[in-house]
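Listed after this line are the structures, all set down as structure tokens.
Here come two complexes built around chain A, the first alongside chain B, the second alongside chain C.
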Partner chain A sequence: MTTSHEGPRLRQQSQDDPRVMLDIDAGAFEPVPPYPPRTEREAEFYTLGDGEMFLNMGPQHPSTHGVLRIVLKLNGEQVVDLDPVLGYLHRGVEKISENSDYHHIVNQLDPLEYVSALFNEWAYVMAGEKLLDLQVPRRAEYIRVLSSELLRISSHCLFMGWFALDLGGLTPVLWSFIERDEIVEMLGALTGARMLFNYFRFGGVNGDLNHEFMSRLGSWMSRAASHVEANTGLLNENEIFVRRSRGLGVVDRETALRMCMTGPNLRATGVPFDVRRAHPYSVYPELDFDIPTRSEGDSLARYLLRVDEIRQSLRIIDQCLHQMPDGPVMAKIPRKITPRPGRAYAAVESPRGQYAIYMMSDGTDQPFRLRIHDPSFLHLQSVGLLMPGNLVADTMAVMASLDPVMGGVDK
Partner chain B sequence: MDRALRRRLEARFGDRLTGPVRQRHDETEIRVGPGDVPDTLRTLHDDPSFRFEFLSDLCGVDTGLVMQVVYHLWSETTTDWLRVIADGLSRDDPRVPSITSLWKGAEWMEREAYDMFGITFEGNRDLRRIYMPPDYTSFPLRKDFFLADDAARSPGAGVRHQEQTHTPRNAPPGRAIRVAKEA
Partner chain C sequence: MTTVSRAWSRLTLPGKLIFTLIPLLAALTVGLLVALLLIGPFVWTFLTDNLPLVRFVIAATAVLLMSIPTAFIIIYMEMKIIAQMNLRIGPDRVGPYGSLLSVVHGLKVLVKEDFTPTGADTPVFTLAPVVVYLGAVMSLMVIPFAPGLFGQDFNIGLLYFFAVGGLSVVGLMMAGWSSYNKYSLLGGLRSAAQVISYEIPLTLSVVGLLMLAGTMSLNTIVLNQSGSILDWYIFRQPLGFLIFFIAATAEANRTPFDLTEADSEIVAGFATEYSGMRFGFFFFAEYVGVFIVSAMTVTLFLGGWNAPFDWPWPITVNPDPGSLGILLLILIGVVPVLSTLAFAAPFWLLRSNMPGWQALIIGFVISNLVAVAAVLGWAFISFDWVVGLLWFMLKTYAFVFTFVWMRGTLPRVRIDQLMGFAWKWLLPASLLNLFVTAGALIVLNR
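On to the complex of A and B.
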């Protein structure tokens, strides 16, 4: 291993002082790090065997679903091992939260997992409500379920599109954005923002259902089921897609449990673990829906499982609209929130798996510790386990089938 | 609140627990010494009466006095989340055995706790920084982390950071670091 690069140099203007020209290393993203290995595993990975080479994928690679760098160790076109390099999107939200008012943190959590931001908020307000012993009005709970299930559908639609795109199909992503866009506009009418909602509050939600949201939702629901079937027909009956994704990135039940996988990726291996049923929260016990599972554990199973989940979410939304109670949407809470000292843990089932918040209070108006647990983080970790033996072109397909969002991984 | 779980835990781990079993809402909390962590978690995982198969979360905590590692577990045998706290790690050299032999997926979560708190997980094969750059020397989520000081020696020197409201150890005298309060 070398400690300095003899590669090409680049002259660049300094960010701090424009008069200074810096002579920097042009290969800033050399696959081999310019320092001695720090751990046993790193030493093992960065030692090349016979006929092996490194390939750097990212951090600006278009199909890494965010800013992620993966160092691939290749033998010909076959992946031997890989080492994901994280932190390009790290914003230190846990640290910022320790210096923020409880109300402000909802806003900080939104951009973490930006595809399904309501679930981040939900886990956080649930943890806070446990610390405060708050009873949330039933109407607020139903609105939370309704808006979150809409967002789950939108997130899964996006997944279907991106997954097909990573396998080389351009059409499905355009089709899935039709649903995604309609849902996002609908939630925009409800919450005031299309993606970073800032909608859930301790003790309820920020605003009641309004006319524009309900009329949009009503007209969308009348055609949603048939649209979903039409969209999935594009892929389910596509022989290239099915043959390409079947048997790709197989993970079995024991491995999935050992790797702490959750959500659709775990259920695709046959474990019926869904936080909505395994550890019920909100009004889910009152709602009738199934937890679809599959036993194959490959990319196709993960895709088909998400399609099944869309159908279940439509069922839930339908029930919410029929059972929606009247009443207030916010509990009475003080303007300044100072929970008693204590610890709380709350988890919700996000489209990617179990999203959890662990909160410690020390009696002030700022949390003492806020831990954000994101399922994408663990799913990205298991890519290293699924990839060896596959081809380079399948790396992104397997990764897309696990559906990580780098905003959530890097926090 | 699962009272039966509390009795079962007290019967099984009685002398190993370093504090009373606490329960609130849907959470049950036990505390053990750092050395007892692998044994305790393996028992919880393997014992047919517990069957805590899911590691829901692993994170580090700096209480200002000691370091802790907090594990959250889920089992179909109870309606509670089980929180296992490895209590009393020294702040100067926090060490705890790794549980990657039990849950391989804990590897990155332990890396994160190492990155943020400097907690050494003995037995983790890949304990290197995960978010922060490799030449970074501080542990940002520790309560004695002084942002202004850190910014001055970090590669991004000169960048304006969010104002720090809780002053750390090397701040002007008279102000202490933030210390956790237990209920």
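On to the complex of A and C.
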């Protein structure tokens, strides 16, 4: 249980079965690392004050958003300090991409933020297009925006359900998963896969819109607004929900900017920063949508902001459908992609924040370095600032309101 | 002797079992019969002299045995109703419409591995589920299910209910402490704080009703509410009802106050280290607690077994089978066959591919169901306690449905909000209720 490189200390024979030697620390697991503290912060965290205890919300837990380990230092029920331990889902995506062709990497970047996979591909593909000096056809850009905004709605629906589930409500998850299922089926008809799409390519997208996608989209759009209102109506007016999330995990502007928060977490503190407007890409300059902003900075603001974003995404989808130009969906690219040597940085506005790829190519058909800049990773750094002073029950609520996806955090 | 031992060693294990157990059982039976014959009369006189004791034993056994099917029914109800609220189906494989799933869960829980975690305080760990379950089941003794159908009629019945309800707190704390696990500790402490905080508004909200009724005996309280629906105490103590309902939800550890078992935060709270039948006890105790709290609400505020309306027309059925004479014998022989054929005929005629024996089986089952329904209807009309029991169960399960509804819809309250609510809102409200009732009684000179 304690991760010690000497191995467990076997001292005691088990009472039940004399063939088994028990770890002497069995039952006395303390989430303290077996080496002396390496940094000041570790030393400060792993010394217990008076009346404090460690609680380990381990990698297997019903409501950490994936495999995340949080070591809480509690004083009774109040959280004094918090240490997230990452890396349980580390797959070495950046290293693997260094040995893969540029085509393959699109598929490898999907499982990062698996909830909203197209944004991962989009940043990468944009970075590649900068290095290849490619012009993406307008129809392809519109299809990219359309599918991505659909996925943004789906991701925010998942967030709504998960936030309510971490607060104890069992029903909103299932209702918002109906929305998510319909969108994911739509995108499955378009791209061929329901969750890890592998759809974007350098110079466009993999396939044009087809009849099944358009019919599903049409029938869903006619119900979408009312479904969203119904789902949020269950929670917005709910006294218990509002009382638990108002004033919880308040982030002020300076802290948010200092901790590099982006996306809805930043916009809930009053900073109207959206990558689609600040550093416009694709065809967003031609589309008309607002950037919802709230100024309270608490969990309720983050929740309501994401609901507003769903409505804005519906507007964008509407405009895309009306303004969809004709044309090819893919530019002409060679089979073997060798971008010019150089570096490119491309950022998109994913449902979690600013997601970016920093690509360094050396002229061969495998990138030299692919640095993935993931918003959830940075949001988790700020969790240690938000949590102290709250109770254990709020830990999960704050975590859920920041909407991290562990695939992106651990890469 | 060697013949015997050689024959014995040639037997297999089942054979050995048969040759030892059957003579043993036969000897025990004979011995029991002899003992009965010898001491039988003394036991009989003892029992007939102490009828209340016999009644108590029967009532206690009945209550213990009844609690488990009740828990099964409520578990199934909860799974199905929450599923429908979640736009799912819920269990539908195990029995007809999945109704046997709770039974299967009960059996599963019996055959699971039963272990004690290392470092746990074993006697306390083992006794905690027992204490919790007893605290739940003992309250069933005083609830009047129907006129004449109750365990015991204490004249401090209500006080007994609150006292026994507090017993489960001890069990929860025992479970939380003895598990040697910080999650369980947190869960146990939370639950202790919660139950203790909500016991006070729970008790105080009923004091107004006690002043109106003048007695703590639950049977008398229900009898006071007989008459018409307007005699029910909910109309005379609406605030008391509301406070009682909310505080009882917290006492039963139900959503929105279920943070002792908040499975999104502290995995399973105090029951994290429990498995097998020990966890089964906690599980059943919770659902029996839901039943008890609903039953208590119904008893105190909604008239118990009183019907809300009377049948608008008088119905009497006085069958007199003896007057039929020999016709009775003929009817007993002929009616089942005729009804089977009568109910089978439509199925056989209208479905051309149904074999005759299948139609006969269906007819037999339907005629049995009709007979059972007829007997139930006759019992409903003739016996007071059947009507009372039916109304009591209807009202109680309506409240159980409300609890399940709240679980499916509402999120969970935080521990400090929960305590704040109890001490800052429910307690003053129940005191207000108390003062207003007392003042009204003085003014109206009752």
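Keep in mind that, in the parts below, the second predicted complex is superposed on the first by the 381 of 411 C-alpha atoms of A that agree within 3 Å, B and C clash if a C-alpha of one lies under 4 Å from a C-alpha of the other, contacts with A are read in each partner's own complex, and residues count from 1 in each chain.
As a working rule, contacts are C-beta pairs under 8 Å (C-beta built on N, C-alpha and C of every residue); 3 or more make two chains touch, one makes a residue touch a chain.
This one's a predicted model, so the numbers in the text were calculated from it and none came from an experiment.
Asks: Return first, second, both or neither, reflecting whether A:Ala189 touches chain B, chain C, both chains, or no partner chain.
Replies: Neither: A:Ala189 stays clear of chain B and chain C.
Asks: Is A:Asn238 touching anything from chain B or chain C once the two structures are fitted on A? First, second, both or neither.
Replies: second
Asks: A:Leu48 contacts which: chain B (first), chain C (second), both, neither?
Replies: In the superposition, A:Leu48 contacts neither chain B nor chain C.
Asks: Figure out whether A:Leu170 sits in contact with chain B (first) or chain C (second), or with both, or with neither.
Replies: Touch partner of A:Leu170: chain C, not chain B.
Asks: Comparing chain C with chain B, which touches more residues belonging to chain A?
Replies: B
Asks: Which holds for A:Ala225: it touches chain B only (first), chain C only (second), both, or neither?
Replies: Touch status of A:Ala225: no partner.
Asks: Identify the partner contact of A:Ser382: answer first if only chain B is touched, second if only chain C is, both if each is, neither if none is.
Replies: Touch status of A:Ser382: first partner only.
Asks: Is A:Leu321 in contact with chain B, with chain C, with both, or with neither (first, second, both, neither)?
Replies: It touches nothing on chain B or chain C.
Asks: Show which residues of chain A both chain B and chain C reach, each in its own complex.
Replies: Shared contact residues on chain A (touching chain B in one complex, chain C in the other): none at all.
Asks: Would you pull the chain C residues touching chain A in the complex into a rising list?
Replies: 82, 85-88, 117-120, 180, 182-183, 186, 189-190, 255-256, 258-259, 262-267, 407-417
Asks: Spell out the residues on chain A that touch chain B in their complex, using ranges where they run on.
Replies: Residues 16, 33, 35, 38-42, 86-87, 90, 92, 94-96, 98-99, 130, 257-262, 273, 278-279, 340-345, 347, 354, 356, 358, 360, 362-363, 366, 368-369, 371, 373, 377-378, 381-382, 385, 410-411.
Asks: Touching chain C in the complex: which residues of chain A?
Replies: Within the complex, chain A touches chain C at residues 22, 26-28, 53-55, 61-63, 77, 164-171, 173-175, 178, 234-235, 238, 240-241, 243-244, 391-396.
Asks: Sort out for me which residues of chain B touch chain A in the complex.
Replies: 24-27, 29, 53-57, 59, 61-62, 70, 72, 74, 76, 79, 81, 83, 103-109, 112, 116, 125-135, 140-141, 157-158, 162-166, 178-183
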